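Okay, structure first, notes after.
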Amino acid sequence: MIVLVLDAACLALILLLGLGLVRVIAGPAAADRILAIQLSGTTTVGLLLLLAIRLEQPALIHAALVFVLFAALLALGFVYGTERKP
Amino acid sequence: MTEALPVLLVFVPFLAGLGQFVLGRAVPWSQQFVSGFNLLLVLLLLRAVAGGEPVIADLGGWGEPLAIHLQADGLATLMLLLTAVLAVAISLYAIPAFGGHARSAWQFWTLWPLLLGSLNALFLSRDLFNIYVTLELVTLAAIPLVLLAGPRKTVDAALRYLLFALLGSLIYLAGVALLYAQAGTLDLALLPAATPTGSLAGPLAAALIITGILIKGAILPFHIWLPAAHGGAPAAVSAILSALVVKAAIYLLLRLWTGALEPLVSIAAGQLLGLLGASAVLFGSWQAFRQSRLKLVVAYSTVAQLGYMLLFFPMAVTAAWQGAVYHGLAHGVAKAALFLAAGNLLYYLGQDRLEALRGIDRPLAVSLLAFGLAGVSIMGLPPSGGFTAKWLLLTASLQTGQWWWTAALVAGGLLAAGYIFRVLRLAFLQSAEPAERRDGPVPGRLMAWTATALALLAIGLGLISAPLLDLLGDIPGGGS
Amino acid sequence: MSGIDPFALAAAGLMAFGLYGFCVCRHPLRRLLAINLVGNGVFLALILIARRLPDGPDPVPHAMVLTGIVIAVSATAFGLALIRRQARPEDDGND
Amino acid sequence: MMLLDGVLALLLLLLAGRCVTAASLLQAIVAFIVLGLLLALSWVRLQAPDLALAEAAIGAGLLGVLLLGTWRHLPASGIHHEFPWPWHGMKQAVSALGGLALAVMLALALHETAPEPAAAGETALAQLDAAGVKQPVTAVLLNFRAYDTLLEMGVLLMALIGALIVRRPLQDGSRIAPATLLSPSLARLFLPPILLIGLYLVWAGAYSPGGAFQGGAVLAGAGVMLALTGLLRGASVDGLWLRGLLALGAIVFTTAGVLLVPVTGHFMAYPDGLVTPLMVLIEFSLAISIALSLLLLFTGTPGLARSRP
Amino acid sequence: MTLASITASVLIVVGTAFYIAGTVGLLRFPDIHSRLHALTKADNTGLGFLALGVALLSGSPRLAVLIALVWLLALIAASVACHLIARYALDGTDSDSEPRA
């Protein structure tokens, strides 16, 4: 039963990731794309947590942690990367 | 004790480069010790290998099929010898050429020993994945060296070189992956026995590996990155790149074809490679003939000369094997001499347009002599090393009845004579204007004589071929 | 026809898309991305191959991929530095 | 779970196609970054948590930041319109057909089952007890096939030297910070956990997924964050200590490999009693070199300096 | 079925529902600011519920602490990212054109 719930949740999240790609592709603004990256990042973190339990691999929680840290970095890098030059 | 030799050949230059890096300023004389010591090690290795048994080092001591082994057999030792001899000459040449003060000097004296160690590592490797790493190592040492000619001028060439080299090595890696899936080991010595035939993955893996190496080796359809990179680099670097770095890729092709990939390759594939080689000879020579810049002439000549080595694959008999390898040696020495000599002309003229060469025979007689002598070997005239190599290839084509390769050999030689004499003719023509309009410095004795010494060696290779060919031995596996 | 691994398709597809991009695209940054696609495809293939051991995944391809990732990233970073330099040819760096 | 794999693979292909055919460069880069996320999930599904960690830190994280940073430096005039679809021309069509053929062959080849399990991998698992670490991948990287790892450090170092040769004069490093109000405090908040996680990953590599690469990349991420928020800036001067640390990994690795030959009889072999502490020592020195190299590849400067925002 | 696992299931389902809301918001909302706020709220809450459920299932305090840390850092990261993107979008002329020379 719990396995079923976990599987279903994983599947739902990966489908959501796919849906989020619409914003990655459609934009229209650069900010939309980076927003979509953020959502993908959070969804991935959620998926990693679920999979950590489902596959009994606690190390995936570390991966989730690393993802969270680098998601913030990407946002920073994006703003730095797209800011107009002085 | 001989087991230590291959390891030292990798570690000594590597540590020297690291030390140079940490030190933060150029110490040209230390590299002279390193290249001298490197030559000494190779000579010791030569003595050890001469008995016929390869020298093998097991890194980490975990044994087959897991650990990485270094192995020096006849072929590898000859390439190491070529590298070591050229390293001594080029290190000497680079003292006046790079000096010791600028930051670029530090970068050169850091990268050059690292490249030397990487080349040694590549020649010694007996492991498919380790070869991938050494290929990348060689590439990433070579490209920054190209940039030392001045980033502004060379960045386009360097970028193109990098893109092609990366793609080539990843395609190679794809082949390695498929082969590992089939054979379960990466050890070159175990692969032929472990590789099952009759599957799709095997030949596909071989095709990917060969394609990747061809890209790295700038063989005809993939040659487009070479001329700009080799022509744009500083002369000492061009010599290293043309004589050793691309040759390393062809060396791998020879080694894998007769070893690890032997159960997977076919006659048709050999003919195809021979066709590529012959087209490279004709196309490269023709392009070299048409160039208007001296270093581009020499760079396109490399495209052509690499093609000769590919003529081994369709014939695959001992004469072809020895001819191809000997061509690698002869071309390596001669091409290094050509690039160093060209570098001297460039140093004096401040530019390398062929037109500017008119009437420079007086101040640059020694360098022009070097250019001419090296040219003799490139053209394949007796008694040079180039002649010996082409003679062996010719013999092979007659032995196997594949006479059509003879046409490529002859045409390539004629075209080579064309582009070499074109340069020399211009240089010895008296110009209408007096020569003093050029204010460039005359290259020093060291620069002139290292080039000449290499050119003489290129000629001499024709006279001392017997012991070297003995060391190389017959084609592995007795031919197909 | 049953049971072709979706990841095998993905690995093959990534390599093919990468090669296609390398041939078709002209901007060096795109070509660099294309090369990284090829790399990712190769890495995926290696990891698929690693699953063929009975007790636990084969660590050798895993180590190969880790090495490959670091090499790919270093080379890509170098390539990006070259691209930046190419985009601004006017000022000369340290010579 | 099969369904999950299918969707994952489909999305990977979608994004790869997008990456190649997107109209603008930024879209291609964004697609590539998201591809990195999905790839990390794929590694999880393929029982490769080590790679998931590496991908999170290097593939999706650092590389993404680097790509976006480069994109910013490209002049608009330098970007011509691409014609990336197969029907845009002869070259495109031929490439597409070639790619398709290759994909089919590769997929078939990957589908073929291997005759027997890989001998090298089996040996690695069987000899794990003697390797000094419990994690098989770390054992292969640092012990069984340590030579590859050593050479790889050379690749990293030379990529850095190359990047520094082409760097432009310092304007780059000095104005790296976008001078946001929030950023410095953010960096201070994030720094301790990042450093902690990085160090933990390095240390944990001995017995669980992680290791010098993952940890080093996370540590580099900490540096990049400092650089982006203006607490750290690139400097045109490099010190002896910095160069020493950059080469530290390779030097420690080589020295250990050479000095212990009299004891073990093989290069890069480690004696039984010392193997675990040596592994830890090598792992930490590698991580330091990796972190610094990646950070300098990001700042594009030979040195680093602290700065007050 | 223990009480813990039932609770965890419910939490995970609720979390997933929030994720769905966030994604739909990202797709449906008309402008960048409403997307931004809908998104960050929804996915933070979603991740929170999910994390809680997963922590319950993990059955080890050490992992639970780690999971809590993930959520905490995600909260901070999301707020920062949200701030940065909003500021960026506010800056005006946010087109998807290639970078300005």
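In order of appearance the chains are A, B, C, D and E, and numbering begins at 1 in each one.
Note that a residue touches a chain if its C-beta (ideal position, glycine included) is under 8 Å from a C-beta of that chain, and two chains touch if they have at least 3 such contacts.
Predicted model only: the values in this text are computed from it and were never measured.
Student: Provide the labels of all chains in contact with subunit C and in contact with subunit E.
Tutor: D
Student: Taking CA centroids for every chain, report which one is farthest away from subunit B.
Tutor: E
Student: Have a look and report which chain pair racks up the highest count of C-beta pairs in contact.
Tutor: C-D
Student: At what distance in angstrom does the C-alpha mean of subunit E lie from that of subunit A?
Tutor: 9
Student: Where the centres are mean C-alpha positions, what is the separation of subunit A from subunit B, in Å?
Tutor: The separation of the two C-alpha centroids amounts to 47 Å.
Student: Please compute the C-alpha centroid of subunit C, do the same for subunit D, then give the distance between them in whole Å.
Tutor: Using C-alpha averages as centres, the distance is 12 Å.
Student: Suppose each chain is reduced to the average of its Cα coordinates; what separation in Å results between subunit B and subunit E?
Tutor: 56
Student: When you check subunit C against every other chain, which residues touch at least two of them?
Tutor: Expected reply: 15, 19, 45, 49, 52, 60-61, 64, 67, 71, 74-75, 78, 82-83, 85, 93-94.
Student: Can you list the residues of subunit E that touch 2 or more other chains?
Tutor: Subunit E, residues with two or more chain partners: 69, 73, 76-77, 80, 84, 87, 96, 99-100.
Student: Residues of subunit D that contact two or more other chains, please.
Tutor: 8, 10, 25-27, 45, 47, 62, 69, 71-75, 79, 105-106, 110, 114, 117-118, 120-122, 124, 145, 148, 152, 155, 159, 162, 165-166, 180, 186, 190, 193
Student: Which chain pairs here would you call touching?
Tutor: All chain pairs meeting the touch criterion are A-D, A-E, B-C, B-D, C-D, D-E.
Student: Would you tell me which residues of subunit C are touching subunit B in their complex?
Tutor: The contact residues of subunit C facing subunit B are 15, 19, 22, 28, 31-32, 35, 38-39, 41-42, 45-46, 49, 52, 60-61, 64, 67-68, 71-72, 74-75, 78-79, 82-83, 85-86, 89, 92-95.
Student: Per the contact definition, I'd like the list of subunit E residues that touch subunit A in the complex.
Tutor: Listed in rising order, the residues are 1, 5, 8-9, 12-13, 15-16, 19-20, 22-23, 26-27, 32, 35-36, 39-40, 43-44, 46-47, 50-51, 54, 57-58, 60, 63, 66-67, 69-70, 73-74, 76-78, 80-81, 84-85, 87-89, 94-96, 99-100.
Student: Which residues, counting only subunit D, touch subunit E once they are in their complex?
Tutor: Residues 24-27, 71-77, 79, 180, 182, 186, 189-190, 193 of subunit D touch subunit E in their complex.
Student: Which subunit A residues qualify as touching subunit D in the complex?
Tutor: Result: residues 7, 10-11, 14-15, 17-18, 21, 24-25, 27, 30, 33-34, 36-37, 40-41, 44, 47-48, 51, 55, 57, 59-60, 62-63, 65-67, 69-70, 72-74, 76-83, 85-86 of subunit A touch subunit D.
Student: In the complex, go through subunit B and note every residue touching subunit D.
Tutor: Spelled out, the residues of subunit B in touch with subunit D are 4, 7, 11, 14-15, 18, 21-22, 24, 57-62, 65-68, 104, 107, 110-111, 114, 117-118, 121, 129-130, 133-134, 136-137, 140-141, 143-144, 147-148, 151, 155, 158, 174, 178, 180-182, 184-187, 190, 194, 196, 199-201, 204-205.
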